[in-house]
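Following are the structures in question.
Two complexes follow with chain A in common, the first pairing it with chain B and the second with chain C.
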Partner chain A sequence: MHIMEGYLPLNWCIIWFVISFIVVAFGLYQIKKIVDETPESKALLAVSGAFMFVLSSLKLPSVTGSCSHPCGNGLGAALFGPAVTAVLATIVLLFQAILLAHGGLTTLGANIFSMGIVGPLAAWLVYKGLTKANISSTIAIFFAAFLGDLLTYVATSFQLALAFPAPSFGSALTKFLVIFAVTQVPLAIGEGLLTVIIWDRLKAYKPKLLDKLGALAPNEA
Partner chain B sequence: MKFDMDYIAHNNELTEFNPYVKLFLTIILLIVTLALDNLYFDVFIFVVMSIVILAIAKISFRSYFKFLTIPMAFLVITCIFLLFFFGKGEVIYETGILGIVVTNDSFHYAVYTFMRVLGCLPILGFLALTTPISKILHCLRSLKIPKIMIEIALLMYNVIFIFLNEIDTMQKAQNSRLGYHSYWTSFKSLGALVSTIFLRSLDKSETLQHSLDSRGYTGELPIYEPRK
Partner chain C sequence: MKTSTLIILAVVCIILFVAPLIMFNGHGEDDGYFGGSDDAASEVIEGTGFQPWFSSIWEPPSGEIESLLFALQAAIGAIIIGYAFGYWRGQSKEE
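After this line comes the complex of A and B, so read on.
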């Protein structure tokens, strides 16, 4: 869930902008390095970003009846790493705000932090950790997508609880977490399953590409 | 249909209006609205921006309404949540169910948040509904946002619409074969759809790169700015 335009007070908007700016700047630096080495990768990055955006316009069938969309940040992080995903997510979120009125400009920093930084970073760590432990990449990608999604909501709850610390930060956080858990855990499982289906087909059709991106488990490469 | 907003942004009375002015106006108004956090000012800005969007940009009431409805629905839900579950201090209203009460604090939070979002939404709408993305990106470039980010964004913007057409076709094909008949088949169809799109996107990126290279692309897309 994106935080709406105007939902956060000004001071929190600025804080999240500053934090996100640092990470995105680092991501940009990495992208620059990649593009300098292989100029062809710019088109690949652009198309992957478009893929992330388009993913978010698809509806995910969810158990609770509420319809939501996959964020695709787990998949992105497993393929390209968290720093690059952060930059792509920044552009995707900007487009979502302007094309779909989803999220907003003042809350862009906060949304980048939860969806572009915390989620992908968690997904990437989980994915790398599990594949290092010799677990098949299919299972690893499920947990990466599932936890990436879940931690995005945990981060969002944190941000909301910091902005509305009533009666105290702790109790506000618990309340936000409970509300999100009801709606988002089924969604996270859904996204995990969907990502597994995508991953299986990618492995079947383009194993070389996954290998080149360094995204396969060591025992499968 | 999904991207009505993009169409509207290209076809309204303010499309050709200087995008720098629009962008700066939007950012300054957003900051002022957040900084003042004043209920009267929120209402004032809501009315003013709505008039600008409806009367000056001549955007149809229906499109504007559509732009507002989804965020508004979310807003109402979250504010009800804030109203009943947050805050401490003096109890001003008791619902009598499970000891849920409205307190002074939670009332304050809910009202201020509601009004703040109410004020900010039309400002976002002003930018989103009157300015095409390519112009916004052009402005951002002269504001020293790294070139590479703008390039990727521009290329992305191009590709998004190609994808949406393909997805539309594929979803119709899957639907006509009962691809979204039950939960499990929907999952399978969606997975097939997304992975196919991803594989196609890889091919597309190669084609895109070739076409850019063959036109002498060196990492910059010069844009022609027509004189007013």
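After this line comes the complex of A and C, so read on.
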């Protein structure tokens, strides 16, 4: 999902930067509020960020024959919501842009938008919807992580098709979706399973904290 | 969940990522397999005639250094997760 350094026209760089900046700023405000209200959630915040660090460093082979990496953004989104996850994604993306030449500083806004905003927003909506319907949070987190990962790549495809609608927006979108989204399906399933394992242990060790953050289904609380 | 269920989930995960290695065994980057999707997208963009207008301020000078930094990224994440879960596990046992 990394759009490489310099691979986006300047006007699009600015648009994505502005949108991402607003969400990240709101996320920082939310982090301050969460840490003030429940100081014990600090470690959980660190774990959510660390989970993204690990997963986005793993480039995995897919059945389409090319490689891609998961995002790890579903966990943070289910626990803290999309804006906080956007802040965590920014840290990961900065590390990769500066030290690994993966993604870039000019495309940082666009990459935060896909991995930090669209993916986590989808994950959060799915997670909240399923848990509200009293579906076990362990099952809900699978779908949240799966869709958070997949929609991150769908968002990148849309961003690239908008910037490079050649010969037409539709055909460009199809081309980018084939490259990104299709490759991503098995990876997203894998990410869903890994997130379920982490979630199960979290529920076993920190049930009160999860309840306090409102991250459990009503019948589990 | 029972520990055995968790192990099954982990095994399914491993199979999911070993399968492509078996399916495309013998193929390599030279005949178009196991390349990165990010690079594939960059090629499509270049195909439209677009010239990248900015390049990375620093790039890992070799594949070795790149793998060092990727391993470092994974290690930083893993140590934080391991520390927190170890701490929480100990805490929940005391209670």
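One rule holds for everything that comes next: the second predicted complex is superposed on the first by the 186 of 221 C-alpha atoms of A that agree within 3 Å, B and C clash if a C-alpha of one lies under 4 Å from a C-alpha of the other, contacts with A are read in each partner's own complex, and residues count from 1 in each chain.
Note that a residue touches a chain if its C-beta (ideal position, glycine included) is under 8 Å from a C-beta of that chain, and two chains touch if they have at least 3 such contacts.
Keep in mind that this is a model prediction, so the values were computed, not measured.
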* To do: Could you tell me if A:Leu94 is touching chain B, chain C, both of them or neither one (first, second, both, neither)?
  => first
* Looking at the overlay, does A:Glu40 come into contact with chain B only (first), chain C only (second), both, or neither? -> first
* Touch check for A:Thr138: first (chain B), second (chain C), both, or neither? -> second
* To do: Applying the touch criterion given at the start, work out whether A:Pro186 contacts chain B, chain C, both or neither, answering first, second, both or neither.
  => second
* Asked: Thinking of the overlay built on chain A, is A:Ile22 touched by chain B (first), by chain C (second), by both, or by neither?
  -> neither
* Which superposed partner A:Lys175 touches (first chain B, second chain C, both, neither) -> both
* To do: Pick one for A:Tyr205: touches chain B only (first), chain C only (second), both, or neither.
  => both
* **First, second, both or neither for A:Ile31, with chain B first and chain C second** => first
* Asked: If you lay the two complexes on top of each other, which residues of chain A touch chain B in one and chain C in the other?
  -> 4-7, 9-10, 43-44, 46-47, 49-51, 53-55, 57-58, 60-61, 63, 95, 97-101, 104-106, 164, 166, 175, 179, 190, 193-194, 196-198, 201, 205-206
* In the complex, chain A residues that touch chain C -> 1-7, 9-10, 43-44, 46-47, 49-63, 65-68, 95-102, 104-106, 138, 156, 160, 164, 166, 175-176, 179-180, 183-184, 186, 189-190, 193-194, 196-198, 200-201, 204-206
* Which residues of chain B touch chain A in the complex? -> 2-3, 5-6, 26-27, 30-31, 33-35, 37, 67, 70-71, 74-75, 78, 81-82, 85-88, 105-106, 109, 113, 116-121, 123-125, 127-128, 131, 133, 136, 146, 148-149, 151-153, 155-157, 159-160, 163-164, 167, 180, 183, 186-188, 190-199, 201-202, 204-206, 208-209, 212, 219
* Structure fact -> Within their complex, chain C touches chain A through residues 1, 6, 9-10, 12-13, 16-17, 19-21, 23-24, 27, 32-38, 40-42, 44-45, 48, 50, 52-60, 66, 69-71, 73-74, 76-81, 84-85, 87-89, 91-92
* In the complex formed with chain B, which residues of chain A make contact? -> 4-7, 9-10, 13, 28, 31-32, 35, 39-40, 42-51, 53-55, 57-58, 60-61, 63, 70, 87-88, 90-91, 94-95, 97-101, 104-106, 164, 166-167, 172, 175, 179, 190, 193-194, 196-198, 201-202, 205-206, 209
